[in-house]
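Two complexes, one shared chain (chain A), two partners (chain B, chain C).
Right after this comes the complex of A and B.
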């Protein structure tokens, strides 16, 4: 089922507007991530989809049906919370059956459906236990099974993995993806972890200060961020932002003048800075920086250098190149992961293509 | 080293630290309990000189053949059965309502709690007026409903209901506070999840809130039952020192009081105290066994 937001705004207590004029569509049968820093409005957006919150203005559609005024029950959403919220006094089986019991499904059918779901999320052996006896990962599986029990029109996951340890998080991430693909249920997944979003989502919506910053596929968000916020938020380590004022002449040869005159910052991903003798596809510019430090972390080498008064970070300059003990480094830029932004932070040029057109 | 194996010496030192509290406990709690148990077997006994003339089961024989004792037992049971369920349902209902309102919640809490902190004597004075058959507020109200004047305090049929109503009213505030504490311990997200799972308000209460509240309900029940079995001062002041018209509100503790203070039958009084003790013990054990099976402690 498709979800469409039309000019949706929300204000708490009539003072602070939390969400401003949201317009977007969540595609049917896909997994969509709402990603953003805390306080960006992503959980609020999820609660608007669920019907636990109602918008102050605008309309929400499920397919063609206007559900703006309908509550969570009428919208038939399934929801999984960060802290699982399993009923502690019920067994796993009773937890999974609860939505079915409320829907007055026959006992026999309840049991059949619960066993089916338990198998899907791999908790068939834990059905008689209470939630308190399960590990975090198992509790999350039960919560997912419960939310799927009544075949929801849409499955909403509110930071479902935040309470798990790192390893389990990766495991459950893949598990959720598998379950989503197996059931084909339209899923919205809220997270603040970009890594999680990049791995699991068909589409990512990046939110900040109650507005959609960019909404497209994970790779496109990485390759073509629409603004400085997205470029900084996605990618680890963070992008280098260098004032362009003194470098304009270097770029004049290959960047159209009308773009260059509006550009104020050069944005470079750390892995797009390579040594000058690299044989990769490079931009026709040649820079020189002063080495500050270089340290290796496993497969990665972090080189810090001073360039134009800014400290920039490069991760693709090989350790061997640095052993010549020279203080200055010649480097060049790849044709990917290099952008120019204007005064407002909008990205107006990307090295891997032409002008940025905000598609999708 | 901090953790030592217990030796005779360290155990003695431990007891030495506990000694002041143990002494108080022994003198004021353990000894009187044991002494009153013993006293129930003294059939000939001088309370003032503490001279024991004869020991036997005579007190219990007299007790069980005294129709007044059985009347007191019956009245006490009626009182407990009349007070506890209504009191719990009412206070739970009010607590649920108070839990949902923000506006004036503190004010209402105070109002409900006031009777609990007010002296029973003062309360009874007010209720004597409310129950007055000619000028009473309650009869005035009932007259508007077309119900004839009821002689609450002088009619043996109505004395027990009058006592029950006043006791419920008096205990409401404390139970409400306990239930509110229990409710505030229940995470609000369960209500939200239940809403998404399709439970309406009643189902949410029936399947989620009430089971999660059960430890508190259990506590309130046990405490209400125990204090119900011990009822005395409400009777004493509401009926002016008498056990009600035609002994209609003669309770076990009132019986004990009569035997001890007005008839000076100390052995008999102690025996009835022992019976009361075992009665409460049995009820509490039943409660406990029930709770082990049916109450889920999170």
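Right after this comes the complex of A and C.
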């Protein structure tokens, strides 16, 4: 089921606008992530898709059908909540069967379907237990099975992994991906964890202050953020943002003047800062920074230096360079992960040479 | 003995003392019920009667139409409790989970009624009911107690502790509000609801002032009011009064024993696990 938003806005109590004029399309059979900091409107967007909330303006389509006025039941969505929202007084089996029972499916068919789903999510041995007796991961599996029971038009997951511990989160993340691929159900996954989104999604929509910041594939978002917010939000550790004013002359040789004229900040991913003698593809500029600290955490290195009055972080400067204990570090920039942004934060130039186009 | 043991001992001593204090009136009632008429009146009081007067129970039961009182008490208690639970569940649901115009104001008004002492309501309630010609009927005994905001408030808190996501889930799964209330919220709030029922049963069964005021014939009296039969111009027959009291509290003791675990659970936690 394809989902399309057409000029959708939402305001609570006719005052505060929570979502501003959203236009996007969620592709059929794919897993799409809604990603953003808390309060950005991602859960609200999900609730608009589900029909639990109705938009103040605009239209929502499922394929060709206008569902703007339809409630969650009519839209046939399946939903999984952060706290799982299992019915505590029912057994696992009863929980999975519940949507079928409400749809007046025959008892025999209910059981057959429930067993199928239990097998899919690996909880066949827990069917007689109550949710309270299950671990968080198992409860999540039950919630997914229940949401799939009715063969939903679209599966909506609202921060489904946030209540799990780190290891289980990775395990369930892959599990959800597997289930999604196995069933081919169109899935929308809300999260604030960029790492989660990068690993699981076919497409990521980044939201902030009720507006879509960028909507494309995970790698494209990483390689070509459309603005400073996206560049900062995606990637760990965070990008370095350096005022460009005093550096313009260094870049003048290879950046068109009309771009350079509007550029305000240089944005550099920490792994794009390398030693001056690196043999990788590099930009034709040479910089020098003052070493502040250098540390190694297993496979990672973190070099902090003072450059143009800013403290910047580099994670790809080789260990042996640091052992020379020199005060100043010569470094260069790779041709990936280096961007220029204008006054408004829009990224207007990317070092990998291609034109910046915000498409999908 | 180490410090922990001493504090343990002290804890138990205080609890035992409290327990005895609570039991004394009951024991005194039972004791008096088994005394003869003169023993019951003696000062200083006789603690152990010379001969246990078991006949007091039979005499007391026959001294007044207690069967009638008993039936009245049962009718009033059952209908009041069931009716109050129904209004409580519906109102608590509205306040906890529904959105409607003026919800906050209505809630505040209801909340202020909790601050009005019950005695203040006796006269207005009496006047209202007499205007409806309902004095000395079951209506008078039942209608004023069909809604209790204390119960609504308590149940609302329990309902609110049940996550909204369960409500949304149920909606998506195809359950309407009515189904959600009776098949999800009520079973989940069972400990609270049973505790409220138990408190109302006890309240209603023991109620004295109101039945005394709105009834004026034996036909409509309830058990606690019936006890006043033992007080006449000639004085009070304490041994019979206490014998009758003992009979009257037995049903309440049974209610409490059977529902004790719910009463404690309902008062001490929200009732939702998992």
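Just so we're on the same page, the second predicted complex is superposed on the first by the 360 of 360 C-alpha atoms of A that agree within 3 Å, B and C clash if a C-alpha of one lies under 4 Å from a C-alpha of the other, contacts with A are read in each partner's own complex, and residues count from 1 in each chain.
The criterion applied here is as follows: a residue touches a chain if its C-beta (ideal position, glycine included) is under 8 Å from a C-beta of that chain, and two chains touch if they have at least 3 such contacts.
Here the structure is a predicted model, which means the values were calculated and not measured.
Superimposing the complexes on chain A yields a three-chain arrangement in which chain B and chain C clash.
In the superposition on chain A, A:89 makes contact with both chain B and chain C. Residue contacts after overlaying the shared chain place A:102 against chain B and chain C alike. For the contact definition in use here, the residues of chain A common to its chain B contact set and its chain C contact set are 50, 52, 71-73, 77-79, 81, 83, 85, 87-89, 98-99, 102-103, 132, 146, 150.
Per the touch definition, chain A reaches chain C in the complex via residues 50, 52, 71-73, 77-79, 81-89, 98-99, 102-103, 130-133, 146, 150. Taken together, the chain A residues at the contact with chain B in this complex read 50, 52, 71-73, 77-79, 81, 83, 85, 87-89, 98-99, 102-103, 132, 146-147, 150.
Residues of chain C touching chain A in their complex: 163, 165-166, 168-175, 179, 184, 187-188, 272-274. Those residues of chain B that touch chain A in the complex are listed here as 187, 189-190, 192-199, 203, 207-208, 211-212, 214, 296, 298.
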